[in-house]
Structure formats: structure tokens, C-alpha cells
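Shared chain: subunit A. Partners: subunit B in the first complex, subunit C in the second.
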Partner chain A sequence: MLRRFWATSLAADLEYQVNVLIELLAVAGNLAGSLFVLSLLFGQGGSLGGWSWEEALVVLGLYTLLDGITSTVLQPNLSTIVTHVQNGTLDFVLLKPVDSQFWLSARTFSPWGLPGVAAGFALIVVAAARAGARPDGATVAAALVLLLSSTVILYSLWFVLAATSIWFVKVWNATEVLRAALVAGRYPVSAYPVALRTFFTFVLPVAFLTTVPAEAILGRGSAPWLLASLVVAAFCLFGSRKFWQFALRFYTSASS
Partner chain B sequence: MRGSRRLRFARGWRIARVLLSTQYAYMLEYRAEIALWALSGVLPLIMLGVWSGSEAAGGLGLSPERLSRYFLSAFVVRQFTIVWLVHVFEEDALQGRLSPYLLQPLHPLWRYLASHLSEQATRLPFVVLIMAIFFLFQPAAFWLPTPGGFLLAVVAIHLAFLLRFLLQTVITMLCFWTERAAALERLLLIPYLFLSGLVAPLEAFPEGVRAFALLTPFPAMLSFPAQLLAGEPVDLAGGLITIGVWAALLLPLALWLWQAGLRRYSAMGA
Partner chain C sequence: MPIISARGLSKTYRVADKQPGIGGTLRHFFARRSRDVQAVSEVSFTIEPGEIVGFLGPNGAGKTTTLKMLTGLIHPSAGEVEVAGCAPFRRQAGFLRQITLVMGQKQQLIWDLPPLDSLRVNAAVYGIDDAEAKRRIDELAGMLDLGEELTRPVRKLSLGQRMKAELLAALLHRPAILFLDEPTLGLDVNAQARVREFLADYNRRHGATVLLTSHYMADITALCRRVLLIHQGKLFYDGSLDGLTERLAPHREVRFELRDPPPAAAFASYGAFESQDGQQLRLLVPRSELTATVSRLLADFDVLDLEVSDPPIEEIIGRLFRQGAVS
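And then the complex of A and B:
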């Protein structure tokens, strides 16, 4: 079903070839800028929050990858919830014999985020190799699991915010706030002062999005963090599900 | 002659007052949205977090107080120089809402300028609130600028806003020719982000990059007013001249593009 959903949106989007160029330029520009700022932060010194240059690049790669996933799947899909509520077309979605959360979260797919995904992935691989990571089976498995759980956390945060549009139609800006705050994930969480570090671990789980998977990729992952990440991911996903069901109880369709 | 000039001035003043007060009332309706927009400008504060823990700041001799003041000032300047002209204009032109504006004996750009200024007025209380929360956590960073310095900073912020508005007007006018003006604006935002001093103080730049950045209009849009507000020593004449030169370049270009664009403009039903 996903294949069919996404094949149709891909066909519609590829009509615009100039957009590809613009998107590639944007990804390259953003990456160059991020590298520049990171190099400024390192200055003459050799570390940022205890991370070496190559290790910090893995974190930046993870951020780029997740940001690409956001533009590819999360943003194009979840921005439509607001429109559905406004136009009353959410009724049609609810009537479909498909789980409504799944339909709303995976209906379309925008290829414009793919350059970001590719750039992020390449940066992770190159930086991890230069940082001297020795990927054995267990490391790769742990890294993949953690990457999956960080994607799930990211998705849940977006979905919960987008679902609040059932009550507040003008909530789309809230996801901009989320996107702005997640920029913090460009740097290892240990680079922040203690108060912010606590905030980014327990309140807004930025640490689990980029820092924890990066540790695993570099072969420094530990079982407690792996477990914690899985628990947070499961909690977020379960929470988003419950929240959607709760929100739907307040949804009175357009005609009523 | 003098009488007619006074009359024209009085008329202009009346139009400005009415425009601003109606746009302000309109913007008040969007308080909640504007509060969220204000909150989405937290980038300089996040960067403050990274910078304050980095070895580079110590190496450059940037004290924690100085960093806090600089990035908080950058946050404030960013809040009052945000321009979203291209997005509204694109929609207005597409849906034909521009046509009635064109019939009025007032350049439509004044209307957009007034709505930006009103949005800033609506934003002010939220910015003050965020600043208050910031000082609650970082009382050591609190500072009061001198009255003269504060006035200069306010003037510089407005000039920086006008320069950004002009630059975006030039991009916006491309709406008449292409549907990708907004995408172009998004591209232009990237050098602004990294060269303006929003994510790193210009002093931290390597010599060559700083010289290059100063050739672009971006530092004058953020770093210059932010340094004034933070009470740092700054090349006042140089900053003002930079803004003046760029404005002198962009204003005729924007007006010419407007004229040329209007000739191409065919709204819905026109």
C-alpha cells in the first residue's frame, strides 16, 4: 500500500525539474554552512563537549538524515491534517477502511527531502570511518535499532503536535517551533550546559534523536542507553496513538 | 507651494495612521500564531548554549556574559527584522486580491510594510516575556544599555528591517515571472543564516570569511544592530553606510521590477 501511495505522489512531483536543482542547492548550502559553524565551534581546540571533529560530524550527519526524513514524509503528510480539519474532509479519512493514523501519516511522500537523506547518510558513513569506527555485526544492528527508534520518536513528536489541530486549527506554527528546537540536535548533547542537557534529554528528547545513535555508530553505545531509547520510542509511539484516539473524541465533523 | 506640501504631509500622516491601526487590529487576531512564530526564533539561544560550552569561545576571549548579551541581542534583532512579504504577496497575486489594491491611490507596498510593522508591535510583548524568562535563568547576563546606545540600536534595527524588506521585495517581484520566488527566498535565507552573525559572532570567523561576509548585506541586517544593542564597540558609520549603499542599490531595482512586473500581471479575470 505504501508503494502505491508514494508512487502516485512521486509521479506528480517530478513534473518540476527546477525544484530538484533548488533543493540540491539548499541541501548543499545548509550542509556547507553547518560544517563552517562546527569548524568555528572547534576553533583551535580539538573537541566539542568531549567529541572529536569526526565524531561530531556523525551527529551532524544524523541530524541531516532526520531532517531529510522530516521533509520527505513527516511534513508533507502531517501538514494536511490541518487542511482536513478545516475543510471537513477528515470525515472521509475516518470512513476509509484503513487505520486513520496510518493513512494521515503515510499518504504522501515528497522527493525533495531525499537529497538531505542521501547527504546525511554519506556524511555518517564517511565521518564514522574517519573516526576509526570498526563496524561489526552487533554495532551495525544496534545503530540501526537506535536509528529506527529515533525516527519513531521524531514522528511521534510531529504527530502529536499536528493532531492538536483538532482543537486549534491554527496550530501549524507549533511544528515550526518544534523544527526550530530540534536544530539543537546538530551538536552532541554534551556540548550544552547542564540545564539544557537535562531539558534535551528528558523534556524534548533531542539527545535520543542524534547523540545516542551516534554513540552506537561509533561503537561506544551501551546497553542502558539502547534500552532507554527503546523505552522512550515505545512510550512516544504509544502516546501518539492514545493522543490521536483522545483527540478524535473531540472531533465533531463539519456538518455537525 | 508650502501650503500644499503641508497638506500632502497631513494626508500621508492620516493614511499611515489608519493603515497601521487597522493592520494592528488585524494582527491582534493572530496573537497565538505570532507568539508561536516568536518562539520559533530560538536559534540564537540554542547557539548560545553550544558556544558557551565550547573551547573556541575561551580561545577568542569571549566571556560568558558577552556571549549571552550578543546572542540575546541577536535574538531580539531577528524578531524585529523578520520579513514574510514573499509568502503573502504570492498568495495575493495568485488569488487576484492584488487587483483591488492596485485600484487604490496608494502603492500596495505601503500596505505590506504597515502590516509588517503592526506584526512587530504584536510580537513585542512575547519578545519581552521570552527575555524576562531568559534573565530569570541567566541573571548574570542582565544589562541595561545606555539611553543613547539603546536609541541607536532601535534605529539600526529598523534600518536593518527596511533593508531586509527591500531585499525581499526584489525577490518578491519575481513572482510576476515565476512561481518559484518563495523557493528563491528560501535559498537566499541560507547565506543570511550563516553569514549574518545569527549562529556565530562575526569575530569568530576566520579573517577571509569575515571580509567576504562584510561584502554581503547580511551582517548589516543582524550583527550590526545586535552589537549596538549589546553595547559592544562597533563601527557605527561603517554599518550605516553599508545599509545606505545597499538600500540605494535595491530600492531602484525593486521599483523598476514592480513597474515591469505590473505590465505582465494578469490577475484572475483580468
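And then the complex of A and C:
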């Protein structure tokens, strides 16, 4: 089913040929901009919150990777929830014998984030090697698990925010604010003042998105953080499901 | 054993109460007031398998709300509803596979792609394998008279073609119960007739149960032997279409054009005077006296043109409700 979903959305995307070029240029420009800002922060040598230039690049690589996943799957799907509620076409989703959260979260797929995923991955590998990390199998596995939980956390936050459109109808701006806040994940969380660090760990779990997986890749991961990350991810996913079921009770379906 | 049953079905919406103008907007922003609107109130009926039932009522009567409760899109505020042995609002997969909802004003087809791509998604969703899906698409496309339209992007289709493709998409999983909300809305007369024939054909072939709302009386007369009439959320009539026409439209409308129209009072002995627009006049005449009245009109006046018709359904229903004639 997923294959067919994505094949049709790919086809729909390719209907507009010029978009392909524009999106590719945007990805390249974005990454170049991020690298430039980071290089300014470091200037001549030095460190950022106890992270060396190469180590910080791992964090940036993770951010780029997650941002790519966001553009590929999260953004195209979750932004349509709002449209569905506005137009009342959520009706058709709810009438299908498929889990509505699954449909809304996996219905489309946009290839434009894939260059970001590739660039982020390459950056992580190169930067980790230059930082002197010699990851063994267990470290790589831990990093992958952490990356998966980052994605789940990010997804759940976004989904819950998009689901509030059932009450407020227009939450487009709110999801943009979330995406902007997540830009904080470009840099190691320890680079921020204590108050912000606490906020990014416990309120908006940005720390779990990039910093924690980066530490695992660099061989500085610890079992408690791995566990905490998994717990946070499971909690967020469970919460988003419950929240969706709760929200649907209030769905009134735009009049036809 | 009824396939659809509703007992005391009610739905109350909470809506914002906003006064017009900038003052009203500001007041509304700071102190939001809302009131409850009873969209559907204590509606009870049952429908047997294979029936085609027309669901009538003026705009805002509660037709769509009722359909949404029957399809499980919204929770009823009170009452019980059972469709195909399930409680719709639970939205169990087994229930959803048996029903479909077609809305004339909303579309499920992907706008930028040919209908065939959307159909393939639907086939995957309902777990229909490719060979079977192709067979069903061919059958339905034949019944609907659709051909190369299926490989043209939806945005390039005419309204009639798109509606037919929507029907195809909605029926691919061969549902036993069809909920149709204004399926012929905005279509030209030919396309309306085509859709109507298709629905009758589908009902015959698959024994499907159909609940249909429409503003076009022709849809109802062509398809439904039984109608439900709803007004201000309450069920007013449940019975045969013949009974409804007799009760609702014991009069026929006679429109005629006179070279030199006399004052309205001159028509008192012919029928109920409706309106006059220049030389155009409208009278309501009891069915039983129709022939006699028309011959008298032709004999007594210099008639340029004359036409007899049923008054529009909205008008018939409106008159019924004004008279308070309730079954």
C-alpha cells in the first residue's frame, strides 16, 4: 500500500517539472548557508559548548539528515492535515478502512528532501571520521536507534500540532513556528545557556533530536540517555495517537 | 432485518454567535459567545437491504448531518444508529468496507493525476488485487461510459466526467450501502440522467442499498419509491413517493403568457394566484381540475403561451412546512 501511495505522489510531483530544479537549488543553498554560519561561529579554532568543529559538524549533519526526512515525509503529509480539515476532505480519509493516522502520516512522499538526507549522511560520516570516532557495531546500532527515536519524536510533536487544526482550523503558522524552533537543533545543545538547554531537553525535546544521537556516534553515548530517548519517543508516539483519537471526537466535518 | 436503523438520532452543534461589523468582530474576539444548534432531533427510521430511499429537505434541514452520522464521520449527540450491524462512529474496518459516501461538493480524486492513479490507490487501500481491480474498473467504466478520461489528469476533466470518475472511485470496493449527498449537483441534464441510470443499474446488479439526497426532484422521481422528508432537524414524512407528491403537490403549476393581462383578481375562479411578471402569470391549480381549468383559460383569454409543471421541490416543501401539514 505504501509503495502505491508514494508512487502516485511522486507522479503528482513530477507533473510540475520546473519545481524539480527549484527544490534542488533550495536544498543546496540551505546546506551551504548552515555550513557558513557554523564556520563563522568557530572562527579560528576554538570550541562551541565543549564541542570541536568536527564534532559540531556531526550535529549539523544529523540536523540536515532530519531536515531532509522532514521535507520528504513529515512536511508534505502533516501539512495536508490542515488542508483536509479546512476543505472537509478529511471525510474521505476517515471513510477508508485504513488507520487514519497512518494514512495522514504516510500518504505522500516528496523526493525533494532526499538530497538533504544524502548530504546529511555524508556530513555525519566524514565529520565523525575526522573527529577521530572509531564506531563499532554497537555504537552504530545505538546511533541508528537514537536517530529513529529522534524522527519519532519530531513526527509526534508535529502531528499533535497539526491535529489541533480540528479545533482551530488554521494552524499553518503554528507548524512553521515549530519548524523554526527545531532549527535550534543545528548546534549542540550544550552551546546554549542553561535555561534554554533545560527547555530544549524537557519541554521541546530538541536535545534528543540531534545532540544525543551525535554523542552516541562520537562514542560518548551512555545507556541512560539511550533509554531516556527511547522512553521519550515511545511516550510522544503514544501521546500523538491518543490525542488524535480524542481530537476526532470533536471533528464536525466542514459543511458540504 | 433492516440494514440501516436510527432511533432517536440527534446532533447538537455548538456554533459561534457573532454579530456583523467591526464592533461585532472585536466583541467576538474578546468575549466569545456561542449557542447550541439542534441540527438533527429525534430522527428514527429503518431501511431494508436493496431499497433506494430519497432524503429530502430544504437547505440546512439536517440531511448532510444525518448522512455523516450514518457514515460515522461525526458522533451523534443522542440516540442509536446501526448500519450493517455496526455502530458507525466506531469506524471499524469491516463497516467501512461495506459503505461509501459520495459528496457532490467534495472530491477524493487526486487533482493533478488521472483518475486511474487514484483508483489504484483505492484498490490498494481496500486490498483488491490488480486483476480484480481492472475487472471492476472495466465494468464500472462501461456502465458510466468512461474511457480515455481515466488517463487524463482530473483537473482537465469536465464536471460531469469528474463526477462519474468520483462515482467509480467510490464504488470500486463494491459497497453494499451507498450514501449519496447531491451526487448530481451542478451537472447538466444529460449528465444527470446518465448518473441516475447508472445508480439504478448498480442497484439492480449488486442489490445495493442507496440513501440519496438531491435538490433535483427528477433524481428522486426516477430512482426512489420511498422518501424521507426532514425539516429543521425533524423527520416529517416517511413513505412512498406517490403519497408525498399527493400530499405535497396536490396542485400543479400553470404558467401562461397573455397578450393583455387583466388584474390578478380576475383569476380567482381559476386557481390560486401565484405571481405575475409582466405578461407572465403563474397559477396553482388542483390536479383534478387541471384539464378543465386549462381549457377555460384558453377559451377566456388571449393566451400566447402555456406550460404546466410541478412546482419546484423547494417550493413544494416550503409550502408544506408553512401550512404545518405534518404526517
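Just so we're on the same page, the second predicted complex is superposed on the first by the 248 of 256 C-alpha atoms of A that agree within 3 Å, B and C clash if a C-alpha of one lies under 4 Å from a C-alpha of the other, contacts with A are read in each partner's own complex, and residues count from 1 in each chain.
Going forward, a contact is a pair of C-beta atoms (placed from the backbone, for glycine too) under 8 Å apart; a residue touches a chain by one contact, two chains touch by 3 or more.
These numbers come from a predicted model, not from an experiment.
In the superposed pair of complexes, A:Val203 makes contact with neither subunit B nor subunit C. In the superposition on chain A, A:Ala223 makes contact with neither subunit B nor subunit C.
Once chain A of one complex is fitted onto chain A of the other, the partner contacts of A:Gly29 are limited to subunit B, with no touch recorded for subunit C.
When the shared chain is aligned, subunit C comes close enough to touch A:Tyr251, but subunit B does not. In the superposed model, A:Asn87 lies in contact with subunit C only, and not with subunit B.
Contacts of A:Phe5 after superposition on the shared chain: subunit C is touched, whereas subunit B is not. Which of subunit B and subunit C touches more residues of subunit A: that partner is B.
Shared-chain residue A:Pro193: touches subunit B; no touch with subunit C. Comparing the two complexes, no residue of subunit A contacts subunit B in one case and subunit C in the other. Subunit A meets subunit C in the complex at residues 1, 4-5, 8, 11-12, 15-16, 87-89, 91-92, 94-98, 249, 251-253, 255-256. Per the touch definition, subunit B reaches subunit A in the complex via residues 30, 32-33, 36-37, 39-43, 46, 49-57, 59-60, 137, 180, 183-184, 186-187, 190-191, 193-194, 199-200, 204-205, 209.
Within the complex formed with subunit A, the residues of subunit C that make contact are 13, 64, 68, 71-75, 91, 93-94, 96-97, 99-101, 103-108, 110, 112-113, 117-118, 120-121, 124-126, 153, 181-182.
By the touch rule above, subunit A contacts subunit B in their complex via residues 18-19, 22, 25-26, 29-30, 33, 36-37, 40-45, 47-49, 168, 170, 173-174, 176-177, 179-181, 183-184, 187, 191-193, 195-196.
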